[in-house]
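Multiple structures follow.
Next come two complexes, and both contain chain A; in the first it sits with chain B, in the second with chain C.
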Partner chain A sequence: MTYTQMILVLLNGFKVTVWVTLISTVMGGIFSFAFGIGKMSRFWPVRIISDGYIEIFRGTSLLVQLFWLFYALPLLGVSLSPMSAGIWALSLNIGAYGAEVVRGAILAVDTGQYEAAKALNFTPSRTLWKVLIPQAVVEMMPPFGNLVVQNMKDSALVSLITLSDLTFKAQTIRNETLQTVPIYVITLLLYFLLALVLTGIMKWLERILTTASGREGVR
Partner chain B sequence: MLFNIPWNLSSNWTFAWSILPILLIGLEVTIKATIFGFLLALILGLPLALLRAVPFRIISWPTAVLIEFIRDTPLLVQVYFVYYVLPDYGLIFSAFLTGTIALGIQYSAYTAEVYRAGLEAIPQGQWEAAKALSLQTRRIYRDIVIPQAIPRIVPAMGNYLISIIKDTPILSAVTVLEVLNVAKIIGDRTFRYLIPLSMVGGLFLILTVISSVLVRYIERRLPKEGIPLK
Partner chain C sequence: MKQKPIARFEKVLKKFGDNVVLNEFDFEVYPGEKVVLMGPSGSGKTTVLRILMTLEDIQDGVVYIEEELLWHEQKHGKRVAASNAHLRKMRKKVGMVFQLFNLFPNMSVLRNITEAPIHVLKIPRKEAIKRAEDLLEMVGMTAQKNMHPAQLSGGQQQRVAIARALAMRPKIILFDEPTSALDPEMVGSVLDVMRKLADEHDLTMLVVTHEMGFAQDVADRVCMFDHGRIIEAGTPQEIFTTPKEERTRQFLNSVINREDTVTAPTVQPDRDK
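And then the complex of A and B:
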């Protein structure tokens, strides 16, 4: 197999890796906010659900979660395709880590801000969305950047539930050609490249949010 | 039957009870892989951190790129790489050893950063004071810098230990019979995935909770001012 053929096959898998990473990162971001805020809720059932979710998904291994969704869940009557099982497992897992980031950043906002909002008779949701989150979101960006790369790396695990991502393609053509070294070097480089691009995007977002929060403040 | 231990399919509870000893055999492999992988990461991280801190850019820059490269690529691919490439060069290890080597390599990139941050956190005045007393470099490290760096390094290392526990199931991809692989095999043979896989989730939860309690305990017990090496 020539290097060009090799790269073309690997790029096919790379597309799946990029797709899975992007979707699960966005979904993970939504879970992060939902459960991170949920853990600080005034209503105890919401707190307990959020806390349980965070502890279970942070306390067990991602591969266990992936296998559970793919092999065990059908026995409870819910069958997921490899693609959706992969995306659900990745986003639920990264969302649990993100939830702690969101909570930490909101709690780190100066208490004076919270007291001022209360003194101005803001409702709790207005305080949260107009005062606390706009300031906290800048603090969330560096840890979120790490989580995005972590999620990208974790996406390689979906190859173990037969989804043909980059790692899966690398395994397939290795079994056919036995040209182990070039295949895995190219694969590793593609992952590294993706990580650099994702890090760049997150840095860019961080800069935009920093200027935006500085200029506008609270309206 | 696995490891000569039969399972009992008559009811869900008896099934769960009968496969528990089989899963515990797998759990032992998980724990061993975690400990060896962690020790390897602690050892490999040190030279990486030192090379990274060398004042010559010809050495420090490639090391920085290497650390970033190891950090930014998936453990699974690194496991495959070690598993398939090393035998080509005549280095034939067991699947278990290959897996722990890959774990050690991946996490050495993280421990290297911990060592670096730990050393950089020592106030500059400490260095200056030691130099003013004209202590030898070796003594500055042994008696002043390292004792103060340890309490800063240990908590971060503890967190990576917990991460390694959760990454060991990846070794199942190269046939290591750790706890998840064992559960998967039981599932494949009985077509009952729900119970073994849920039990593995529970076992991991117990393992991570115990180890995080342990790490927090050690963290609290550490004297903040430093640990003398003598």
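And then the complex of A and C:
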């Protein structure tokens, strides 16, 4: 197998890895906010559900979650494609960690902000969305950045439920060609490249949000 | 001004855990009255304001605002704890200016002031902006209306915070040491704005401050707090020149001495338990 052929096959897998990472990161972001805020709800059933979700998905291994969605759910009557199962497992997993980030950042906003909003008779949801969250998102960005890269690295596990991502392709052509070193060098570089790009995007987001939150006194 | 009080505390009990801060606390404020609260650190001044702003609840007794219960409601002839809806209604009558301003850093100066009138009072945006601009002129901050709080000095932030509270047209406005976090050269501009406000006859002002000059000019009544009680109250003249209580005298001396020293020492909590 020539290097060009090798790279082309790996790039095919890379596309799947990028796709799975992006979708599960966005969905994970949504879960982070939904359950992070849910855990602070005034309504106890919402609190219990949020807390239960967070604890279950942080307390069990991602691999087991993947196997559950892919191998066990069909026995209960719900069949997911490898792609769906992979995306769901990754996003639910990352969302559970993200929920704690969201909650922590909101609780870390100065209580004076909350009190000023109350004195002006803001509703709790206006206080949350217009006062607390715009300030808290800046605090969320560095830990979110870590989670995104973590999620990208975890995405390699989807190869174990037959999804042909970068890791899966690498293993397949290694079995065929036995050119272990070049294959894994390229694989490593591709993962690293993706990590660099993701980190860059998160840094850029952080800068935008810092300005928007009024931290730096720039308009 | 012997009309009905606009705010009244009756036998109020307030404690934090085992720490009893107010016990059998009685206090009345009359419409349009300007009251200055003074007293050593930890004596309960902030707590009184925070109870009126519904930021702190009470454990016993009652508080009235305009003859209406603040922390309770009558339901089926029984007195029960106030619902959120009731608290929301009562909060409309009160505004507060905080020691550390608490402006929203993610909003421009103008939006800090218009946000609540538009979304809480539901007045038209145009009208809210007009109201905000008038207030900004009153506090001398027109030029900064599009800036963000982080671009302003402490004194400027506090003047915006005053405008923000006034935009809700409260009947009672509470000030909790509005100048104590400011650099000395900023204090004057904030006190000037508050003096202007004091000319408004209808507005009831409760001010926690140790600025004796301000109290002298503005206060109808000065209340001396000590250990959760008002140990002495009277006109600024009475309190500052002929205080009856030894504790009042000691406190006033400590304030005057503090003003003389260049670096203001942190106030020592005065608790002889």
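The rule we apply is simple: the second predicted complex is superposed on the first by the 214 of 219 C-alpha atoms of A that agree within 3 Å, B and C clash if a C-alpha of one lies under 4 Å from a C-alpha of the other, contacts with A are read in each partner's own complex, and residues count from 1 in each chain.
Convention: a contact is a pair of C-beta atoms (placed from the backbone, for glycine too) under 8 Å apart; a residue touches a chain by one contact, two chains touch by 3 or more.
Only a predicted model underlies this, so the values are computations on that prediction, with no experimental measurement involved.
Novice: Does chain B (first) or chain C (second) touch A:Ala170, or do both, or does neither?
Specialist: A:Ala170 sits against chain B, while chain C stays out of touch.
Novice: Applying the touch criterion given at the start, work out whether A:Ala116 contacts chain B, chain C, both or neither, answering first, second, both or neither.
Specialist: second
Novice: For A:Ala212, decide between first (touching chain B), second (touching chain C), both and neither.
Specialist: Second partner only, chain C.
Novice: Can A:Lys130 be said to touch chain B (first), chain C (second), both, or neither?
Specialist: In the superposition, A:Lys130 contacts chain C only.
Novice: Looking at chain A, does chain B or chain C touch a larger number of its residues?
Specialist: B
Novice: Please work out whether A:Leu63 is in contact with chain B alone, chain C alone, both, or neither, and reply first, second, both or neither.
Specialist: Touch partner of A:Leu63: chain B, not chain C.
Novice: Provide the residue numbers of chain A that touch chain B in the complex, in ascending order.
Specialist: 55-56, 58-65, 67-68, 71-72, 75-76, 149, 153-157, 159-160, 167, 170-171, 174, 180-181, 184, 187-188, 191-192, 195-196
Novice: Once bound in the complex, which stretches of chain C touch chain A?
Specialist: It comes out as residues 53-55, 88, 91-92, 94-96, 98, 100, 102-107, 115-116, 119-120, 146-151, 164-165, 168.
Novice: List the residues on chain A that touch chain C in their complex, please.
Specialist: Those residues of chain A that touch chain C are 110, 112-113, 115-123, 126, 130-131, 134-135, 212-219.
Novice: Could you pull out which chain B residues touch chain A in their complex?
Specialist: 68-69, 71-78, 80-81, 84-85, 88, 165-170, 172-173, 180, 183-184, 187, 192-194, 197-198, 200-201, 204-205, 208-209
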